[in-house]
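One structure coming up, written as structure tokens, with questions to follow.
Chains here go by letter, A, B, C and D, matching the order in which they are written, and residues are numbered from 1 within each.
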Amino acid sequence: MEAFFANLLNGLSWGMLLFLISMGLTTVFGVMGVLNFAHGSLFMLGAYLCLQFVRWTGSFWIGLILGPPLVAALSVLIERFLLRPLYGRDVSLQLLLTFGLMLFLDDGVRLIWGAAYHVVNPPEVLSGSVALFSRSYPLYRLFLVILGPIVGIGLWAFFTYTLWGKLLRAAATDRQMAEIVGVRVPVLFTAVFAFGAWLAAVGGALAAPHQSVGPAMGERIIIESFIVVVIGGMGSFPGAFVGALVLGLLHSFGTTFFPQLQMALPYILLAVILLIRPRGLFGAES
Amino acid sequence: MKNKSLTPVLVLLVMVFSAGIGLAADKPVKIGFAYIMSGPFATYGQFAKQGAELAIDELNAKGGILGRKVESFFEDTAGKPDVGIRVIRKHVFENGADVVMGLDSSGVAAAVAPVMMELKTPLLVTHAATPDVTGSKCNRYTFRVSLNINQNIAMASAIAADMKSKIWTTAGPDYSFGHQSWEYFQQYLARKKPDAVFLPQAEVAFSPAATTDFSSYITKIMNSKAEGVLISLWGGNLIDFVRQAADMGFFDGKRDILMTLGAATEVLYALKDKMPTGIWVGTRYWFLANDTPVNQAFVEAFSKRYNVYPSYNAHGAYAAVKAYAAAAEKVKSVEKEKIVEGLRGLSLELPVGKITIRPEDHQAITDGAWGVTAADPNYPIRILKPIRKFSGAEITPPVAETGCKMN
Amino acid sequence: MSTPILLQVESLSRSFGKFQALSDVSLEIPRGRLCALIGPNGAGKTTFYNVVSGRYRPTRGRVFFEGRDITGVPPHKLVKLGLLRSFQITNIFPALTVLENVLAPLAVMHGMSFAFWRSLSSQQKLVEEALTILERLGLAGQSHREVSTLAYGDKRLIEIAIVLACRPRLVLLDEPTAGMNPEETERMIRLIHELAAHSEITFFVTEHDMKVVFSVAQTIFVLNQGRLLAQGTPEEIRANPAVRQAYLGGSLDAERA
Amino acid sequence: MRIRRAGSLWIVASTAFLAAAPFFLSTYWILILTEILTMSLFAMSFNLLFGYTGLLSFGQAGIFGAGGYLAVLSLLHGPSSLWGAFAAALAGSALISLVIGWFCVRRDEIYFAILTLGFGMMLFTVAHNWRSLTGGSDGLGGFTLPPLDLFVWRGSLADPRHFYFLVLAVALIGAILLYRMVNSPFGLMLRSIRENTQRLSFVGADVRAVRLCAFVVAGTLAGIAGVLFAFFNRIASPEMLHWAFSGKAVLMTILGGSGVLLGPAVGAAIFFVLEHVITAYTTNWMVFLGAILIVLVLAFPRGVLGSLLDLVQRYRGRPRS
């Protein structure tokens, strides 16, 4: 029983990180139709910037608050000067461009911060562990598990109740409609891309105390977030939440029960879901 | 590209003439290095480069090899077999390397080693630990100056034999390195301790290389009935594992733990005081393991130049350059076939201790050291105290066991 | 073979949830007669087309084509039988040339979808057939242009060309002049007349533009709120008070004026 | 099809160059050229799906790698015959692509891409984890290269020049096959599917079957390219099946131009030469490669070859057809 709960918590905390990253990915895809390969690199930048702020100020919170806006600012430039010329052209060009961006950023951080592995400590309040089911469980992980739904609810409220949120949602479901009702699409696109980047960077900053910070940490997570987005349904927010949870739990329980298959499990899940529900769990069927 | 056609002819002419007239001293000795210089494991390439450059500068300061200057070329294998083969071919055909050294990933080493038979150029493996390179895939041109899996695991099993744990499990990377480490551990420990029990394959914890969240593997081990754990994770994986395991109460003293590469300095530098104390850890070279003048000079020169203590990969590259120089001096030539003869059976004093390259399989018989992690105010990182040293002879499996058939 | 009635629809109904899009529509289209379907917005014209062309299954009722029950037969099988539809929004192959747009359906018709070793340009028969169709539509001169570079009206013609390439006996034309300027509309009307007169093809048109309908059709069917309101010659329809009522008076007269 | 005469002149000239290359290039550049040709075949096979049919496959590497493994397995456990190895890979990769394709061609666009990625990664897992058969992560090597038996003449594949000619011949055959294919009625079906899948099915074509056919052809050619790659490196390694390797084909194709048959080949050449030039100056080559890619995408949106052909056309004053 305690093993079950431990696995549950393990899966949930990993799922929550995945959720944050996939949220940005799915928003950007849903609204802009851009599949951003460099999304993982923005996640990585969030982690590195957090590391840098921790070095300067010693405070994780400052890194968490100040790092992501910087990444968002960078992505405004990326959207404005690199992506924008490609709108309306073949989607493959965006794919290639963001792929080039990924190479650039992944190796670029190595030039700035070096190739060594870096470690960011969790903030004082969240370090250590608590007793749970006759086991000790890291406080930081519990923080992630709780933070996930809070962020999820926050985003949900944002998308449901605020004007910007409604606009985003409208644009995600029907871009032309948004244009007709007078949304300034270029501004919206920039904002959406920056918002996605901000979410990715928040994820990166939150991941920093949890895993070592190194180049290409984004490359590892990008495929898993792709899978989350696709099984959840492209552009679907609840889909990203459920997809991330499913993948997180599959990871933790799969390790215990299907160790030989664990590498293939996400892909098997992906194939099965896409064959049964072609547009993902929460995707609108065409 | 156009005048490439003339290059071989010219080179040949130059060689013939220079051999005849004795102008060989003018031509530098070229060493081609192939390491991971990009991506998540780039730190290994960087360390190796530091070690190699230190060794080359030392040699050149003393007039080079046989009076010839030593030149180096570095190429990035990216940790991929096809790229590894391409850059080794580039070294041989394009850079005109007299010898090639390096290789971090076992997969790359396993792919490159057989190709050396066609390239007819000596290869000194300095990091990759797969037994095959000096085992089933051994060949005339492939050598290894660093510790391999078998040697390291022999030490691990010797230490494990003295522990009270009977039931063992493993946490390792889910590729050949992790699986082989576990298989040799079972084989060696069963010899020393026949009543040892090993958990079946489905109950041990092998994690894919891309894993960053180890919690489920840690949970799996903690829930098993194992008393002892062999951890063959390394690099970033090990750092993540140790941090997450510490938070989950894994190091509560209830189980015996062996980390085969826990004493790697890149790991210790990253973890600093997050590395628990009192854990048995191994490495391929520990900078405090012996106090010979050679080692002291190396550690001093290295830390002065780069501001960090030398990692095992830095030592590997350093050792390879020094071994090559020694072989060249021994046979008074850098001609490839002669170097092969020179390396066979070569003995020399290195920072790690005295090594001998076994002529039968080209594996270096090298001393090793494990130790228990401890805090020391004089060092920014955890150090090993006490240290248990092993002689090369006792940890190197006999040639018959390696599966090597030298041709 | 030559049944006088080409298409026969028997009490066709289709509902979406509670909404009854079509109820109990019955009509007959004789071979060679140019017929049109009209009705105010939301009258069920598009649903009717979608049901007849096999995109939707009817909730009730049957469709017969040349005496054969085709209820629920999918579109690509109807093509083989000779029943085709054109699309309201231009539905062509944008980056292909004009000629290729016609060759593609022709290759399908000739069972050459999988011929991978023969050169396309050496298929004389195919190319000639394609050029004949293009000539008829006045597009032969542009056969090597990419269709995405054509004017809107010409793109609509490509749509017709694709349909003709499938050797249809009955073509459902869904608003063939939608979005066209007067000149293009004029040309389309002439074309439909000409094709109807000089080929074996029967056309069944829906239109918004009453002018087009009344200048083209020999028989007109009026659909209102999913029901067949009236049918007859243009004169009869014009005189029908129920139809006038459905179109809120005025509009029919306005068209005439 | 456009600019035909000048185009065929170029093709004849470059074929002549490729055929004569071993007589004046250094061994290293012959090896690089061998790799370029192998990757060209792989990328062109990918482009039959991507550029011509509009299907972005991220699982192409899975079949490429499977071809390589099957050839090596047939050498290790069967006769030492080059043609036997090719036959095993051909049959195997055709069968594998038939099975994978059967599932994947039902989906469009991004869903097709992700689904193929999933199947490719399943194949990767098999190669990576089935240690007793595939050698696991270290790959499957240790075979002796079969003799190059041309019935009238015997060569040695260990000789880089002989190996080069084999690769050149296979790549040329592949290119000719693809050329005939894209200019056939079948090729027109593929392009029509790319342009408007729904429209084609409305004129009575069996779109799924056509797509499946293209998938099998592309897969089989990829498998053959995989054999060449495995033989060239003397090993079949799991990396060959990884999605990142498919990514390489995507990269080369878009770089060269997906709208032109030889675009992927040009892209492969650019990629290798770029890599070579950049690594000669810096070890931080990925930063530069990334930056150059970004510039190329913005400057040559139709790929280098595609954009060049456009330029030539504009120069000649003909309207873009």
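Keep this in mind: contacts are C-beta pairs under 8 Å (C-beta built on N, C-alpha and C of every residue); 3 or more make two chains touch, one makes a residue touch a chain.
Everything numeric here is computed off the predicted structure, so don't read it as measured data.
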item	value
Centrality ranking, top chain (CA atoms only)	D
Farthest chain (mean CA position) relative to chain A	C
Chain B-chain C separation of Cα centroids, rounded to whole Å	75
Approximate Å spacing (C-alpha centroids) for the pair chain C, chain D	44
Mean-CA-position distance for chain D and chain B (Å)	36
Separation of mean Cα positions, chain C and chain A [Å, integer]	49
Chain B: positions in contact with at least two other chains	38-39, 45, 174
Multi-chain contact residues (two or more partners), chain D	128-129, 284-286
Multi-chain contact residues (two or more partners), chain C	none
Touch relationships between chains, expressed as pairs	A-B, A-D, B-D, C-D
Parts of chain A lying in touch with chain D, wherever the complex brings them together	35, 82, 85-86, 89-90, 92-93, 95-97, 99-108, 110-111, 223, 226-227, 230, 234, 260-261, 263-264, 267-268, 270-271, 274-275, 278-279
Of chain D, residues touching chain C in the complex	180-181, 183-189, 191-192, 194-196, 198-206, 209-210, 213, 217, 319-321
Chain A residues touching chain B - in the complex, by the definition given at the top	3, 6-7, 9-11, 13-14, 17, 106-107, 110, 114-119, 121, 128-129, 135-138, 140-141, 207, 210-212, 214-217, 219-221, 251-253, 255-256, 259-260, 262-263
Complex contacts: residues of chain B adjacent to chain D	1-2, 4-5, 7-8, 37-39, 45, 74-76, 80-82, 85-86, 89-90, 93-94, 106-107, 110-111, 114-115, 118, 130, 132, 136-137, 174-177, 179
Touch list for chain B against partner chain A, complex	38-40, 42-43, 45-46, 174, 201-202, 204-208, 210, 212-213, 215-217, 219-220, 222-223, 235-236, 239-240, 243-244, 247-249, 266-267, 269-272, 274
